[in-house]
Structure formats: structure tokens, C-alpha cells
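What follows is a pair of complexes built around chain A, which joins chain B in one and chain C in the other.
Entry: the complex of A and B
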């Protein structure tokens, strides 16, 4: 029997992830609801009609980060609880396919989250539409999401093997994600001035890109060992 | 009874069945399994120690022992899911864990967990595993029919009874026509009709090399070529099945 190629395996894994999420709705609705609720709380807690610049970028990225943690914590739960890990490990396929499939899944969750959360953020906290800043913001979101997806997948695979996975996941992920939050918030800040939105500074985009690359390589190098007994 | 030493090694007498093993390019009486001095720990606890045996292609090894004796650990080591901590394990002449990737596609595991997703249907679960193993769709349909689930194949697993889920798990275990079947109490949750249904796939009729863990001395001995009795991770009994008295197996549980 001819072993399955990596694209076929990736396709099978992604299809499975999509089906499980569509049937359980365990990740994306929870992440989105958390983000919108947090913006509502900020709206009242800040006691201001609107925020802009630094504080707005901070509120946006801290909220997105914590919402992402909900997805990270759920990423491997079905596999760990229902034997999907063992089922996958018994197949003669590259382990890296699982890393890529899970990272792409988390990336998709984050993009859907942001489709809901960013307009809600604009409405509840910015007091003005994002309008012309949107294309630049999209670039920053994608760069930051790639980093969150790679680090989140890496950490989730590590944490899910432990009994304290709900605690260990965020404890491991948050310090690793601080540079992403710093880079993303700094890059977003000029976009969030209502009167005269600017462009993200290249150095912060470069930082995000480099961080994505470095952690992508680290995750690729060690992921096999994480899955081994 | 129970005198089999920690390093005892036997090869059960050939029974002639191996020559027609399904799906296996046969070398007559090729060695399917050789274990020497296998040990495995969980932290400080010794889960397996000094297990040595060999099994020819087409033969059936039945492992007896009380709960916690190491049966499941042994099967998981053979499935390449756990690394041996000492000793050597060779499956179809490939060493574990170094050559684990070479034998993975040739092993079928039916464990305590069905290794299936509850939210997916039986068909979706089998399709998923079929894609991982490079198996084509007709085989999925064939197996759904073989385990009597064509009519419920498109319902989520969480809505099926445990017996039905076990039948899907049987189909998953043999989906890729494995050379070596590792069966951990395979009849759990199955009624007599279901046992009859899955027997051509995982029973003696499948003519595959099998390692089975069992608590049923009569049923286990009837299908065994080689018997291994474990207690506290150590081999207490290792012999050709024809030479084992059911009383010796009962002794393991006292």
C-alpha cells in the first residue's frame, strides 16, 4: 500500500478539524464572545467615549491575545480525549503535517475571530470606522496571527500531555507571545488615530515577520519529539 | 506453573496457517516478532520487565494477566506508541524504536479507546484514517458493510452504542490490511452476533499475526499459539498454547 503524501494528509487533518469544530462549536464562538464581551467591559470601564493610539492598540491586542488563548487551550483536546493522537501516530505519515494542520486551523480560528472582534472594537471603543486604516491593519493582523498560531500550536501540543493543561497552556504561551503583542500593538498604534491615521512602522512588521520565522523553524524542528512518548 | 524465567524465549511450533496470511507477502514462517529483555517504566514504576519471546508470522500470541500486569503496555510498545526503555523489540525484522516509521503502516491496534472522533460519523472517521494510510474509498464501504454498519454509517459516533463504536474501531484497525494486529480485549462491548460479525476481520479466520490481551482463559487458549502470562509486569508463564493448562492461567489472577 502506498503511503499517503503530505498534501493528502494535510487535507484529511484540516477536513477533520473543520468538521469537528462545525459540529461542536467549541472554539470560535467562545473566542468571539469573549472578545466582544471584553470590549463591552472596556467601553464602560474606561469611562471615555472613545480611545485612540496607544491605549486603543493595547486594548485590541490584549483582548485578541486572551481570546486566542481559549482556542489554544481547545486545540488538541478532542485528539487527546478521544485518542486522535494515537490514531495519527499509528499512521505512517510525517508528524509535521499535524503541526501544519493545527497551526492552519488556529490561524483560521483567529481570522474568523477578528472578522467579528475588529468591527466590534471599532464600534465600541474607537468611535470612528477603521476605514482607510483597514488594509494596513489586515497586514498586521495576519503577521501577528501567524506567530500566535505557530506558538499556540507548539505550546498546546506540549500542554495537552499534562494534567494541568488549562493552566500550563497560557503560562507557557503568554511569555512567548509578549514580543508578538509588543510588535503588533506598536505597528497598530499609528492606525488607530481617528483624525490622522498613519502607517505601521516597518521595524515592527519586520520584528513580527522574524519572530514568526524563528518560531516556525523551532516548532518544525522539535514538534516530532513533542509527540513522541 | 509460573516458572517461566524472566529471560525465557520460545518459538511456538508452526501450525501451518501462516502460508496463507491475508495481505502479507509471505516468507514461510518468517519471524513476525522478537522481543528480548523488554522493560518499560512509568516514572519509577516498572510496568514491564524481562519480557522475551518470539512469534512466527501468522501465529497468535495471547497475553493473560490481572489488571495492571502490563498487557496494555506491551501492546502499546509493539504499536510503537511507547518506547522500550531497555531490551530489544523487532517487528518483521525492523527494530523499535529506530525503525518505527517502517512498521507503523503494517500494524493495526484495537485498544481500550476506539481512537475515533465522537462528533464524526463512522464513515467520516474511517475516511479520515483511510486518507492517513493511503487507503481508497471502496475499502471504507467494504468495511462498513463487513461490520454491519452501512445503515448507521452517517450518524455521529456519539449517537451509537458502545458495541457499535467498537465495531467501527475494528474496521479502523484493519482498514489498511495490517500484517500485525494488536488487540486489547477485542471482545469488550461486543454481543455474540457482533463477535461473529468481526471474527473474519480480527479472529483466527483473518489469518493475520496477532497479539491479543485477554482475561478469558478458555477463549484465549482456543486461539493462541503462544501464551504469555504477566503479573506485575513480569513474565510468569511463557509457553506454546498446546502445553498450557487453563489452571495455570487462573493461577495468574490469584
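Entry: the complex of A and C
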């Protein structure tokens, strides 16, 4: 039998992941609900009816990051507990396919999350209308999401085989995500000013893109060693 | 038959290394207190610079070195490399806490605050420490020794690569806000630069000595444990008295010991 090519493997894995999520609905609805609840908490914690500029970017990114952590914690649990890893390792396919498929799955989760969380943020907390800033914001969101997806997948794979996986995942992920937060929050900040929304500075987008690239390469280089048994 | 202790349990370089460290420390801090001039603006407080900066340099080099040793472990599958990587990162963590404490004291003395966010070196150092603080929890939450070594190596490589990346990102976020208060060593007067260099050598020697001691202690304990297993001392020896014995990384030490482990 001819071994399946990487695109076919990737497609099969991605289809399986999304099908599992569609049938169980255990990550994305929870993440979205968490994000909306966090905006409510921020309203009371900051004692503000609306935010703009710096604090608005901070609130948005902290919320998205912590909501992403919920998805990261669940990403490999089913594979570890119900033999998904064993099944995958028995198949004669490249192991990197699992990294890419899981990262794409997490990226899809994040995009759906933002589809709900960003309008909710605009509605509940943001002082200015979101419409004008939306095209720029979309670019920042996608660049940051790629980074969160890659780091989240790597960290989830590292933490899932440990005893304290729910604790270790966020502990490992947050320091690694600091450069993403720096880039994303600084790039979002000018978009969220009430009076004169600007454009994100190129250097922050460059930082996000470079970090995505470098961390993607690192994860690609070491991921195989996490899947050896 | 019980083999006599191998020379590996008592490395010949340990004594030399210890003496060299003591001598280097005496010279370095002699220079710090009697040779290097008192700095004009900060006065005597600036002397902490000769402790803080070498500690920070040695810590960061230790983290990167731990990553390189982890690469060697994954390439060769020699468990000794994992043990070396573990000891290096463990010691770097201790030196890193020292760096943060001395840095805080210095910041309090010269800027009036225990912590300043405008200093990118300090901030990125804190982030790196927070990341490495999860190394041991991660490692000891994995029970299988082979997987423990492998996962710890993957972490060490990633974190080692993260050190410069993180520094660049944090530097970018603060560099244009505040000028550096104390620049790089290039603008130091020669007497200060010489003192710093000698202090750096002393701290690096201290690091090497402590790593060497920890490595020797770990190897000796493993040797002892495997010997007592061969002899069948189940009720005595280190295994029973140490509840965290399972947390140690077992390393095959010598051929008879290894045979004994596998026979059980």
C-alpha cells in the first residue's frame, strides 16, 4: 500500500479534530463564554463603563489569552486518555502532521472565539465604534493567533503527559507568550482610541510575524521528540 | 562480587576546581574593594555591580548551555547529557534568584524603587526566570524516567532558544521610552572593566564548582543505590530514607551496577 501524502494526512487529521469538536462542543463554546464573562468581570474590576486605547488593548488581549488557555488545556487530553496518540503513532505518517493539524485546529478555535469575543468587547466595553478599526484589527488578530496556536500546541503536547497538566499548561505558556502579548497589545492600542484611531506600527506586526516564524521552526524541530512512545 | 568504587565517583578535578574558585574569589573581591575606584555618582553602592552583572551573565549562559546539553542528549541518547543539562539549569535558577535579588537592591539604591519596568534587561530576566521556574515542576510531574529526560530536554532546548528572542522583544518594547542608565561595559574605565572581568571569572568558576559537586553527589547516590540493590539491602540505604528518591534521574553508572538494576 502506498503511504498517504502529507496533505492527505493533514486533511484527515484536521477533519477528525473539527468533527470531534463539532460533536462534543467541549472547547469553543466554553472559551467564548469565558471571554464574555471576563469582559463583565473587567467592567466591575476596573469600575469603568468603557475603555479605550492602552487599557482597552490590555483587556482584550488578557481575555483572549486566558480564553485560549482553556482550549490549550483540552487540546490533547482526548488523545492521551483515549488512545489517540497510540493510533497516530501506529500509522506510517509524518509526526509533524500532528503538530500542524493541532495548531490549525487551535487556530480555528481562536478565530471562532474572536468572532464572538471581539464584537462582544465592542458592545460591552469599548468606548468607540469598532467598524473603522476592523480591517487593521483583523490583521493583528490573525498574526497573534498563529503564534498562540503554535505555542499553545507545543505547550499542550509537553504538558499532557504530566500529572499536573492543567496547571503546567498555562504556567509554561504564559512566559512564552509574552512577546506575542507585547506585539499584539502595542499594535492594537492605536486602533482603539475613541477620538482618532490610527494604524498599528509596522514594527509590532514585524515582531509578531518574526516570533511566529521562529517559534514555528523551534516547535517543528523538537515536536517529534514528544511523540516517541 | 562487589566492584570497588570507580574513580568516576570521585572526579580528580573537583579539589583543583574548588581551590581555583576560592583563589579567584579572593582576588576578585580584593580588586572590588581595594582597587576599583568608587563610582562618582552612585558611590559605594555601585560595587554590587561586580556581583550582579557576573551573576546575570553566568545565569543566562547556564540556561543556554543547558539547552545545548539537551540537544546533545536528544542526539546521542546518552542520559549523562540529560543529567548535566538538569544540573546546569538547576544551578542557573539558583544564580538567577541571586541576580534578581542583587538587581533589586541595586535598583532600590540608585533609582529608589525595588523594581523598575523601564529596564529591559531586568524585565526580560524576570520573564526568563518565570519560564525556567516551571522546569522542575514539569520534569518531576513525569514518572517514566526515559520520558522525563526527553521532555525535559525538549523544554530546555525551547527555553534556551527563547532567552535571546524574549530579550529582543522586551528590549523593543522599552528601548525607545527610556535611555539606558548604565550602558554596556564598553564605556567603563579600564580599572572597572578589569575588576568586572575577574569577578566574572570567579562567579563562572563558582558555577562550575557547584555544578560539579551536584553532579558528583547525584552520581554517587545512584551508584550507592544500585550497589545496595545488588546486595539486597532493601530495608536500609538511601532508597528508604529518601521519599523523593524516585525523582532523581537514574543514570547507568558502571557495567556491574547496570547489570544489577536490570536483573531486578
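Convention: the second predicted complex is superposed on the first by the 228 of 229 C-alpha atoms of A that agree within 3 Å, B and C clash if a C-alpha of one lies under 4 Å from a C-alpha of the other, contacts with A are read in each partner's own complex, and residues count from 1 in each chain.
As a working rule, a contact is a pair of C-beta atoms (placed from the backbone, for glycine too) under 8 Å apart; a residue touches a chain by one contact, two chains touch by 3 or more.
Worth saying up front: this structure is predicted, and the values here are computed from it rather than measured.
Trainee: For A:175 in the superposed arrangement: first (chain B), second (chain C), both or neither?
Mentor: second
Trainee: On the A-aligned overlay, A:228 touches which partner chain: chain B = first, chain C = second, or both, or neither?
Mentor: In the superposed model, A:228 contacts both chain B and chain C.
Trainee: Where does A:16 make contact in the superposed view: on chain B (first), on chain C (second), on both, or on neither?
Mentor: Touch status of A:16: first partner only.
Trainee: Quick check on the superposed pair: does A:186 touch chain B, chain C, both, or neither? Answer first, second, both or neither.
Mentor: The answer is second: A:186 touches chain C but not chain B.
Trainee: Give one of first, second, both or neither to describe whether A:40 is in contact with chain B, with chain C, with both, or with none.
Mentor: neither
Trainee: Return first, second, both or neither, reflecting whether A:115 touches chain B, chain C, both chains, or no partner chain.
Mentor: So A:115 meets neither chain B nor chain C here.
Trainee: For A:159 in the superposed arrangement: first (chain B), second (chain C), both or neither?
Mentor: The answer is second: A:159 touches chain C but not chain B.
Trainee: Which partner does A:218 contact after superposing on A: first (chain B), second (chain C), both, neither?
Mentor: So A:218 only meets chain C here.
Trainee: Considering only the touch criterion stated at the top, classify A:207 as touching first (chain B), second (chain C), both, or neither.
Mentor: After superposition on chain A, A:207 lies in contact with chain C alone.
Trainee: Can you pull the chain A residues that chain B and chain C both touch?
Mentor: Residues 228-229, which sit in both footprints.
Trainee: Quick check: in the complex, which residue numbers of chain A touch chain B?
Mentor: 1-4, 8-9, 11-12, 15-16, 19-20, 23-24, 78, 82-84, 86-93, 228-229
Trainee: What residues of chain C sit close enough to touch chain A in their complex?
Mentor: Interface residues on chain C, with respect to chain A: 74, 127-128, 130-131, 134, 137-138, 141-144, 146-147, 150-151, 153-155, 157-158, 161-162, 165-166, 169-170, 172-173.
Trainee: Write out the stretch or stretches of chain B touching chain A in their complex.
Mentor: 79-83, 101-102, 104-105, 107, 109, 111, 113-120, 124, 127-129, 131-135, 156, 172, 176-177
Trainee: Across the complex, what residues on chain A touch chain C?
Mentor: 154, 158-159, 161-164, 167-168, 171-172, 174-176, 178-179, 182-183, 186, 203, 207, 211, 214-215, 218-219, 221-222, 225-226, 228-229
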